[in-house]
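Supplied in structure tokens, the structure appears directly below.
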Amino acid sequence: MSQTSERELESRRAIEAIVLAATEPVHVTVLAQLLELPVARVQEICDQLAGEYARDGRGFTIARVAGGYRFQTHPDAFPYVERFVLEGQTARLSGPALETLAIIAYKQPVSRAQLSAIRGVNVDATLKTLVARGYVEEVGHEPTLGNPALFGTSRAFLERLGIDTLDQLPALADFVPEASIVEALERG
Amino acid sequence: MPYEVSTPVFEGPFDLLLHLILKEEVDLWEISLARIVDTFCAEVEQMERVDLDSATEFLLIAATLVELKARRLLPGRDDVELDEELLRFEHRDLLLARLLECKTFQDAARVLHSQLLDASRCVPRTVGPEEPFRSLAPDPLERVALDAFLAAAQRGLAPPPDEEVRTDHVAPIRASVRDAIETVLALLPATGAVRFRDLTLGVGQRLEVIVRFLAVLELFKQGVVDLEQTESFGELVVRPLAAGERVALDIDSLAEWGEDADRESDTVRLTEPVEEHA
Amino acid sequence: MSQTSERELESRRAIEAIVLAATEPVHVTVLAQLLELPVARVQEICDQLAGEYARDGRGFTIARVAGGYRFQTHPDAFPYVERFVLEGQTARLSGPALETLAIIAYKQPVSRAQLSAIRGVNVDATLKTLVARGYVEEVGHEPTLGNPALFGTSRAFLERLGIDTLDQLPALADFVPEASIVEALERG
């Protein structure tokens, strides 16, 4: 009995944690697989959780959307969330993300490898964010082995930055990049 | 992905020195420095690429140790000046302080690492608002001014600042080996032997003692004198070879000691190619 | 009475909803402004919420990090969450990078030259990595010749450590080598 409730607690916890951290609604079959539980049981737990959140007057609920589960805000909290979002509190580009975007803007087209070499770190996650935001897009492929993708800034990027063409970016005047960066760009 | 520390290859000379000392593999002041150097070379060979910075820093530390050790080995005057003794401790304390600092941050990094590891088990929600809020949010780039964007590019592409070559650890060289050879030759008796200690009587500077020692080594190399030392750290006896056995002194070979060995300078000429000696 | 508890419920809900909708920790003053409540009251509510989540065995909690509040998963659920967050997670830091980071954390603001002196090696590459990863940032310039940059840890550093302020780092004094080690070094 105690064994069951421990297992029960673990399952509930896992579902809450996974759904909280996931960037997309998590499909019920995915949850079922991960927890090694029948789909019906997962649905039961989620319904139970939603019931508890409602009972406890939580500001969020767990909702089923397009076959998956996600957390979303309670409708009663709408005015607060709206104000918070409108003030731009949810939208911020991190320093490293902005720097990577700036490098792409000035050095395009560039490959993932070139960017990583310039930044000194793997840029995969940052690049993904920038592409998801629509600032950056694939603009071609390098004619070298494996045809790695080349990235450049998008039309939306120009619009958001409030300029018409890339020429309107302030000049990187008197700015000589370090030899290693030139090398990285040349090596490609 | 959890945080992980890479396998402990020694990063820099402090790391290595610390490791060697703490493992009690060496006692820097009592045991031959050759062992440290050997171990270091073994480590360097295992590195994928030799880091010039580490190697240079190690040379500096090794040189400091050699200097300290030489001071101890060379026959000292009985009336060792207090100042000099203090200076010796100062050198030693400086090194000690650096090693302690290195150890402190090594341990701090270890704790930081485990904290980062623990923290990474609590995954923050970064999803942001669901629709319809998502489309309400202003675009972050709209709030970025063009000059801030330029500044980001400059940060991202900035070269590291010029490296400054510190030369304050290079002692000015005031004694010339060539001069010392002449002095030693004058002091050598025609026959019989003399203790190295006696060849340095009245020499004030440790550096001069070292140079005189180098002069004796040079004379030994050239076959002018013979050296005897019956036990480790024992008395060094210098015996001039008989006229028949003696080889004429090759003054030209002294050139490698450098004509300007006696220059008063605390700078290193980095542009000079370093000659390889067999 | 019922009026009070209604207002109370609304505040709790709003905090939960806002923090859920955020992409990074929401500063306590932002919450206080949006809710028109004193900062202390906001903190009180958040503490209360965290207590309830713990009591109810939730898979998440509300945590105070870098001056703000955020939802994060319960550490026990990590094995399940792990699969969903592999991509977004920051890559591991090398040993030297961690040591340099530790020095910056405790000695900030600190210059490149000071870091090199302590590490005994050139730190340019490591520093670049730490800056690119967002752990470290320029926080000023030394008023000496050449105005060398001074570095300190960033907000993201606190977030990744899951701490509120730098004061929560263990005291450096705790790491000062014990007498036996000092002795070993002295003897050496």
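Going in written order, the chains are labelled A, B and C, and every chain counts its residues from 1.
The rule is simple: contacts are C-beta pairs under 8 Å (C-beta built on N, C-alpha and C of every residue); 3 or more make two chains touch, one makes a residue touch a chain.
What you see is a predicted model; the values in this text were computed from it and never measured.
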Task: Write out the two chains that share the greatest number of C-beta pairs in contact.
output: B-C
- prompt: Among the chains, which one keeps its Cα centre farthest from the Cα centre of chain B?
  reply: A
Task: Point out which chain occupies the most central position, where each centre is the mean of Cα atoms.
output: C
- request: Could you grab the centroid distance between chain A and chain B? Build each centroid from C-alpha atoms only and quote it in angstrom.
  value: 48
Length of the line joining the C-alpha centres of chain A and chain C, rounded to whole Å: 20
Field: Where chain B and chain C are represented by their mean Cα positions, the distance between them in whole Å
entry: 38
- request: Specify, in ascending order, the residues of chain B that touch 2 or more different other chains.
  value: 123-130, 133, 155, 160
Statement: Check: chain A positions touching at least 2 other chains come out as 17, 20-23, 71-73, 81, 85, 90-92, 95, 99, 119
Statement: Contacts from chain B onto chain A in the complex sit at residues 123-130, 133, 136-144, 146-147, 149-150, 152-160
- prompt: Hey, which residues of chain C end up touching chain B in the complex?
  reply: 20-25, 60-61, 63, 65, 70-75, 78, 81, 85-86, 88-96, 98-99, 101-103, 105-106, 112-113, 118-122, 124, 127-128, 131, 138, 146, 148-149, 159-163, 169-170, 172, 175-177, 181-182, 184-188
Field: Sites on chain C touched by chain A in the complex
entry: 9-10, 12-18, 20-24, 26, 30, 34-35, 52, 56-60, 71-74, 76-78, 80-81, 83-85, 87-88, 90-91, 125, 128-129, 131-134, 137, 154, 156
- request: State the interface residues of chain B toward chain C in the complex, per the touch definition above.
  value: 1-6, 8, 11-15, 18, 21-22, 24, 26-29, 51, 53-54, 57, 96, 98-109, 111-113, 115-116, 118-130, 133, 155, 160-161, 163-164
